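Okay, structure first, notes after.
Labels for the chains are A, B, C, D, E, F, G and H, by order of writing; each one numbers its residues from 1.
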Amino acid sequence: MKNFLLDTLNSVKLGNITPEEAAIKLRAMPFEDINFAKVDTHRKLRNGACEVIYGEGKSAEQISAIVKTLRDSGESGILITRLSKEKAEALSGITYYEDARIGISGERKAPDGIGKILVLTAGTSDISVAEEAAVTAEFLGNEVTRIYDVGVAGLHRLLSYLDDILSASVIVAVAGMEGALASVVGGLSDCPVIAVPTSVGYGASFEGMTALLSMMNSCSSGVSVVNIDNGFGAGYLASMINHMEGKK
Amino acid sequence: MKNFLLDTLNSVKLGNITPEEAAIKLRAMPFEDINFAKVDTHRKLRNGACEVIYGEGKSAEQISAIVKTLRDSGESGILITRLSKEKAEALSGITYYEDARIGISGERKAPDGIGKILVLTAGTSDISVAEEAAVTAEFLGNEVTRIYDVGVAGLHRLLSYLDDILSASVIVAVAGMEGALASVVGGLSDCPVIAVPTSVGYGASFEGMTALLSMMNSCSSGVSVVNIDNGFGAGYLASMINHMEGKK
Amino acid sequence: MKNFLLDTLNSVKLGNITPEEAAIKLRAMPFEDINFAKVDTHRKLRNGACEVIYGEGKSAEQISAIVKTLRDSGESGILITRLSKEKAEALSGITYYEDARIGISGERKAPDGIGKILVLTAGTSDISVAEEAAVTAEFLGNEVTRIYDVGVAGLHRLLSYLDDILSASVIVAVAGMEGALASVVGGLSDCPVIAVPTSVGYGASFEGMTALLSMMNSCSSGVSVVNIDNGFGAGYLASMINHMEGKK
Amino acid sequence: MKNFLLDTLNSVKLGNITPEEAAIKLRAMPFEDINFAKVDTHRKLRNGACEVIYGEGKSAEQISAIVKTLRDSGESGILITRLSKEKAEALSGITYYEDARIGISGERKAPDGIGKILVLTAGTSDISVAEEAAVTAEFLGNEVTRIYDVGVAGLHRLLSYLDDILSASVIVAVAGMEGALASVVGGLSDCPVIAVPTSVGYGASFEGMTALLSMMNSCSSGVSVVNIDNGFGAGYLASMINHMEGKK
Amino acid sequence: MKNFLLDTLNSVKLGNITPEEAAIKLRAMPFEDINFAKVDTHRKLRNGACEVIYGEGKSAEQISAIVKTLRDSGESGILITRLSKEKAEALSGITYYEDARIGISGERKAPDGIGKILVLTAGTSDISVAEEAAVTAEFLGNEVTRIYDVGVAGLHRLLSYLDDILSASVIVAVAGMEGALASVVGGLSDCPVIAVPTSVGYGASFEGMTALLSMMNSCSSGVSVVNIDNGFGAGYLASMINHMEGKK
Amino acid sequence: MKNFLLDTLNSVKLGNITPEEAAIKLRAMPFEDINFAKVDTHRKLRNGACEVIYGEGKSAEQISAIVKTLRDSGESGILITRLSKEKAEALSGITYYEDARIGISGERKAPDGIGKILVLTAGTSDISVAEEAAVTAEFLGNEVTRIYDVGVAGLHRLLSYLDDILSASVIVAVAGMEGALASVVGGLSDCPVIAVPTSVGYGASFEGMTALLSMMNSCSSGVSVVNIDNGFGAGYLASMINHMEGKK
Amino acid sequence: MKNFLLDTLNSVKLGNITPEEAAIKLRAMPFEDINFAKVDTHRKLRNGACEVIYGEGKSAEQISAIVKTLRDSGESGILITRLSKEKAEALSGITYYEDARIGISGERKAPDGIGKILVLTAGTSDISVAEEAAVTAEFLGNEVTRIYDVGVAGLHRLLSYLDDILSASVIVAVAGMEGALASVVGGLSDCPVIAVPTSVGYGASFEGMTALLSMMNSCSSGVSVVNIDNGFGAGYLASMINHMEGKK
Amino acid sequence: MKNFLLDTLNSVKLGNITPEEAAIKLRAMPFEDINFAKVDTHRKLRNGACEVIYGEGKSAEQISAIVKTLRDSGESGILITRLSKEKAEALSGITYYEDARIGISGERKAPDGIGKILVLTAGTSDISVAEEAAVTAEFLGNEVTRIYDVGVAGLHRLLSYLDDILSASVIVAVAGMEGALASVVGGLSDCPVIAVPTSVGYGASFEGMTALLSMMNSCSSGVSVVNIDNGFGAGYLASMINHMEGKK
């Protein structure tokens, strides 16, 4: 069974636990209350991924406490996003990926996806967001190909990687400014394209809103969009798609 | 080989065709020019789907001409979206799905996807967009489960379908107003969720923009978003994901 | 009589004071002019609450002067919102609540409301705004239950507190990002829900505007919205509702 | 017990029903599926109000079918909002309030609230939205006072009703254009004020958005806001507040 | 001398006319006042183009009167934009271009520009705006190549016209939706690209605003943008650039 | 004494009326309640102008009733704005100005202002709004000069009226599109300039919002702005300024 | 003669100067070119006011140089706005008004306006902008009454100054948040009201945009609006109106 | 031949290179991969300009490495935009233009354009953006005339440069605030006008968006717009237009 909520409901039904125990279990078990955050120690069971900690706005001490709780509950892999270099240095047992601003506790899964995930960026300023997607996907057990700085203003660069585009399993297209990369790649490829608008640009780029709206209006089929600068979300979804399997 | 453009480039390289022939081929073959629209008769080969005609803004005569050209080139399945009832009645050899505003020429593929696609709506007014997604997915060879009017304001309705949510292969969540359905479903399920904002609502719903922004900010992992009212795009992408297979 | 303005009008009518005195009274009495701010020493009489000082943009000296004027006029309870730790340390006779950024002079009222006020947050980053609401409500004589980090992406967490939701007198739902918490809670409960959008988030959260619009579009009945990050306003209104009594 | 969902969970716990029965009950009982809408026949039990039908976008036939289903399940009072005169005339057994665009099936509750609800409008064009609020509140068992066309541009009009403002239990302030009515009334009264922006105006009123933002920024305490033109939501919430009672 | 204003100033200086005559000349000569519009009969002299009439919002009678005034003053070529078919049929001596919604009185200039102007559209729905640009440019003495329906979602179509793109003197790129055509063409070509956003699209296309912002953010050099649907402005500017000549 | 509210307060003070009478007077006298609108029969006394009726959204019958009430109370001049030709024809005793969409009951005041009011428009499509301003100002006793179609794209037209600009007492500058007229005129003149943005334009004019923002940013001193298409407000304010007199 | 431009044109006409001299005069005389700014030494002649320097973005050295140039050309009064305390201290011969962030070189004119200018603010945070208006108006020869912190949430405060409101010649209403002060004051007074939105507020105040839109929609006649935080513009315009005189 | 992409395609066709060589050439030759940026060493060949480096967000080391790579490939002229003074000082062999924030490696081309490029600004704060345009154009071989601080609020300043306006080959009009300069200049001149909105201003200038929208709505023909603060883009396009030549 994959879902803790359903498990508990079924256990009540089956009489394996008394209602009183179930009530306690429902309220207490799925997470340890460590005051400032409810750490979800069963999330992996529920939706097939490790725990992820959003590092921004949390102190190194808070992150450290959450990591400890998760490790104590047996969690082997923990991903910390939006983690500054300063905080990373204050944590022990963490591998830090500076470009991606990601810290990882534990081992990454061996690649076991359907195919390769291709991460593209339009410019060099988009690389940080792209790395967040790439490192996330690698941690979740995917082989990742990175091709950066292939914006549509220099189409020959992008086209020189046509083989990679055509053989990818899932593509993550990261772009700021006018975000045209998603539409062009969506038209070339025949796999799902996850578009990530970035806050790169100036003037009428409106910190990513122009790229977001542009990607949303892509006339290419197979393109969907995540939030501005949300590299993690793109990497996570790409991994999810790259691990599709029969469920019947 | 999957891609006409690459095929041609390789043929030139291999000397199978002269440069002059290649130039003619590149310009003339991939589509028949019927004046007002370049019909792409090789699109199926290139990205694994049939041809799709966007019906809005085209007259019945124009649609009819495009359909004929496609059929003559051997295309067996044609999907016409945003097709009004009036225009549908003026076309011959078309099966019309009124709720979805879709006309289909040819047969739908037998379901051969990984699992079931689940299409959910928050309210009854979202059904037209949902049907566009569902009929598109069915046509492309997917089994589709429809559960409508299960918005988060009545959570028990949604939760009563937990089995369907947990066993789906891909979920399309269609909602207007505040678009909260996507986040709630994204948190419950462990499969990709494609969120479709709809222009349903009034006042500060801004014809779908509030739902779009809300879905974009979903704190649930695995959620991505397509354009407002873009049921076709969601159904197409859902089918693409539901047909993932190894490429290595 | 509750209202100073009406009192004065009636006194003129009843001849208790001469028109000249009334004019002086109207202009001079309801507040002491201390140059940079008109301190409203009769506000408590007029609308049943103590004086509240908005601390942002005022120096510690200015706040201190206002507090002194209020105390001299007999005001026993004073609430200072948006008060930084630095300024709080410069003030004497103030109890400081750091998370809430609130300073209080005087004693909080004993709880005498109809029931309990429940303050919920979607994430840990929303806690500061929630504390502003909670401390305000407590100061005004309410029993407050705090449940934090129960966003809709992990529905089982929220549902494990169903008892608290169902037994609350008023609920304050604090959330940033897509703000879906308000809709879900509004559908579960049968008491007034005051939604507080927060500026938490990034990208297309637009510093709270997405959450505000989302909450405004809630399809759940009984939900109303206050300004972004306005924890004080939510706590004040919640207290007002929790102290409803017959007036006939 | 107030909540159907909780009831069922408890029944499973208590062993009153088998898990299989519970599953059926959870999915089937709370609403009758009449194809295009899931009619929620237990909503009254769950949150203390009758069923409400949003009439816009539904045909007279659809509305009629939903009303019949509700009546058959024993529902005595049904409110239909956004009901055009044409559809109302096509329904039987409905009392129609043209200004409010509301149809009512069954009897209104006798007034049993704490006090009077005061509904104010800034102009004559806001009356339709105000009537939606007023009729809704009356139907739910409230005494309602209507004072229309008392915008702040003619302050003496508004002040001549100071008694009504001061003696109200809850105030619904309906205004378009700059929406200043909410702030002024919020400053005068000491009861909850529900602000309803309307789409009345032209030019930079942006169909209610200016009034919405203005009300949201009200510097008066005790003011909260519902969606543009959402008279029903305001009336419903006003009734909820006017029926507050002890729960301890 | 090119400029009427400067001419008059110089004439005063040179003493060719008395100040009184100059005052009359300045006020009376450059246009005939025909009550509802000041027809500028000297505009051609001033900036090298014929008179253009914006047809929208003017009745056929008004347009007819303006045309007569212009012809009487010796104007041989008159362009009427945004002219509906109905109004065109009510005018005499006008050649009407239905797709472009342009009426022309008089003869078009023989092509005498530097090279060819290339007008591209992303889709078939953009053709009307593109025709407005093309017909305008032709009227002003340019050879125009039209290539329509070559959006970036099908890159091979666009690339098959690489010769035309590389040999153009000026390019007008017309696109709605995400407007990516301008960036891609700007990257391929080495001539000025005038981007015209169109109001084609739905949902988050916001009637051309997304395309406008996208084009404005183009990372390709040599791209500038005109107003949404402003085919005339693009055609006029393209002609101006295509007629550049030495002035030293 | 100019103000009814102050009058009444003073009368109470002076004992001329009993408090009870004052209460009745305050509530009843300043307006006649004719059900759907509170007609303000004392507005002229209070702020020096006749009564103005906003005709949009009111039926001919409603307007007729309001006019009758005002006439019965002795009002000699009544201005009805946004009055369609159809409604105007249904009213008796009204002089109708079609371009201005204004109906007038009673006589216009003889001009008695300080100087002339100059009303300028950028284009011919702005004339309707300009006429609303001009007719309003004439009715209120001002001499008005109209100069239309003098937008900044043809600066010599505007400059040929420099005498009128320099000798005006107040200028009303009416413009849509980019609204540059206000800045240019503000720089040329040394009198107050009231800028009126109009909803004329297309594409990125956003129905007047671009002109409004542009005028708001005018770098010329002495420029202020009223709502989009608010010709009445501009004419009224211009008259107010043109009738300034010593009050000391 | 008031206008330099017109003077020169007339001089040419009258033969007082040769065209060559006129050309030199036109280009050289009205301003001294001091490299980074064209100091307009004749502006006072042209539109009746002293020179104003916008201090933001200019260094103390640059300001000093401009002031010197103006003084050398005989300018007796110079106003420097947006001047930080640091820069002010680096300038000699300047009187600095810290609240208003204004520096003045030379003497203020003796008050010679029609009546008093009343400057109101809604809150204490609006005082800086209000002082910019007040000091500007005083410098230009006006008597100014300041009444601060009289927002509409405490209506009795505002009403206690009714005499000042009714006797003002021009009113400047400065407010952030919802900006309701302008509408209320506009309804009470019968003189021109210049509304100044301020960037005070948080959340949905959008740095003054909500106040701007709200004031723009004021339903009170006689209200016009200047840019956000533009105290100078309001003070300048108020002075212009307060110095109206007959020109016939 | 001008285009590397086309060259390669033709070489394959002509058999000058084997397909394998072509593939390598296509992927490897057009740029040197130096890890963080793909330096495009053939861009000059492709579109007639030197390489441009966008300095913002790149470290001095990264810029230095790119410059070296370009020089090594034989590039004689390199333009670095958005280069801070600090970084410029860390680079060797660079001429730095502080106002323009541009660094140049190599020599500027001798002017060989059709005529002069005129760069205008409305105010002194726009000079930095204008210098970016001017220095770019000079580097690319154009004679540039600079006229700054000639905004439309002081029209006589602008008109005193009428000769320069009328004799320019291309005009770059740089303005913030309301951006009216573009329309006025567009109306006066008969050459292409490139409008550059700047982020100069405050309040409702929205960091350049108001100027951008205003310029976009210019009613003058021949005006097109580039991104906010995009001086480089304007200078580059101006040079492109100023170097137009016959291609037939």
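Methods note: a residue touches a chain if its C-beta (ideal position, glycine included) is under 8 Å from a C-beta of that chain, and two chains touch if they have at least 3 such contacts.
It should be emphasised that the depicted structure is a prediction, and the values quoted were computed from it without experimental measurement.
For F-G, the equivalent interface within D-G, E-H or B-C is the one where over half of the contact pairs agree by residue number, namely E-H.
Both chain B and chain C derive from one sequence, and where they touch, over half of the residue numbers involved are common to the two copies.
A straight line joining the Cα centres of chain A and chain E is 48 Å long.
If you average the Cα atoms of chain A and of chain H, the two centres end up 38 Å apart.
Here the CA centre of chain C is 54 Å from the CA centre of chain H. Counting only residues that touch two or more partner chains, chain G has 5, 154-155, 203-205, 209, 212, 216-217, 221, 227. Chain E makes touch with chain F in their complex at residues 4-5, 26-27, 30-31, 36-38, 40, 43, 56-58, 197, 199, 208-209, 212, 227-230.
By the touch criterion stated above, chain G contacts chain D in their complex at residues 122-123, 151-155, 177-180, 183-184, 186-188, 201, 203-206, 209-211, 213-221. Residues of chain D that touch chain F in their complex: 124-125, 127, 148-150, 154-157, 159-161, 200, 202-205. For chain G in complex with chain F, the touching residues are 2-3, 5-6, 46-49, 52, 114-115, 162-163, 166-167, 169, 189-192, 194, 212, 216-217, 221-227, 232-233, 236-237, 240-242, 244-248.
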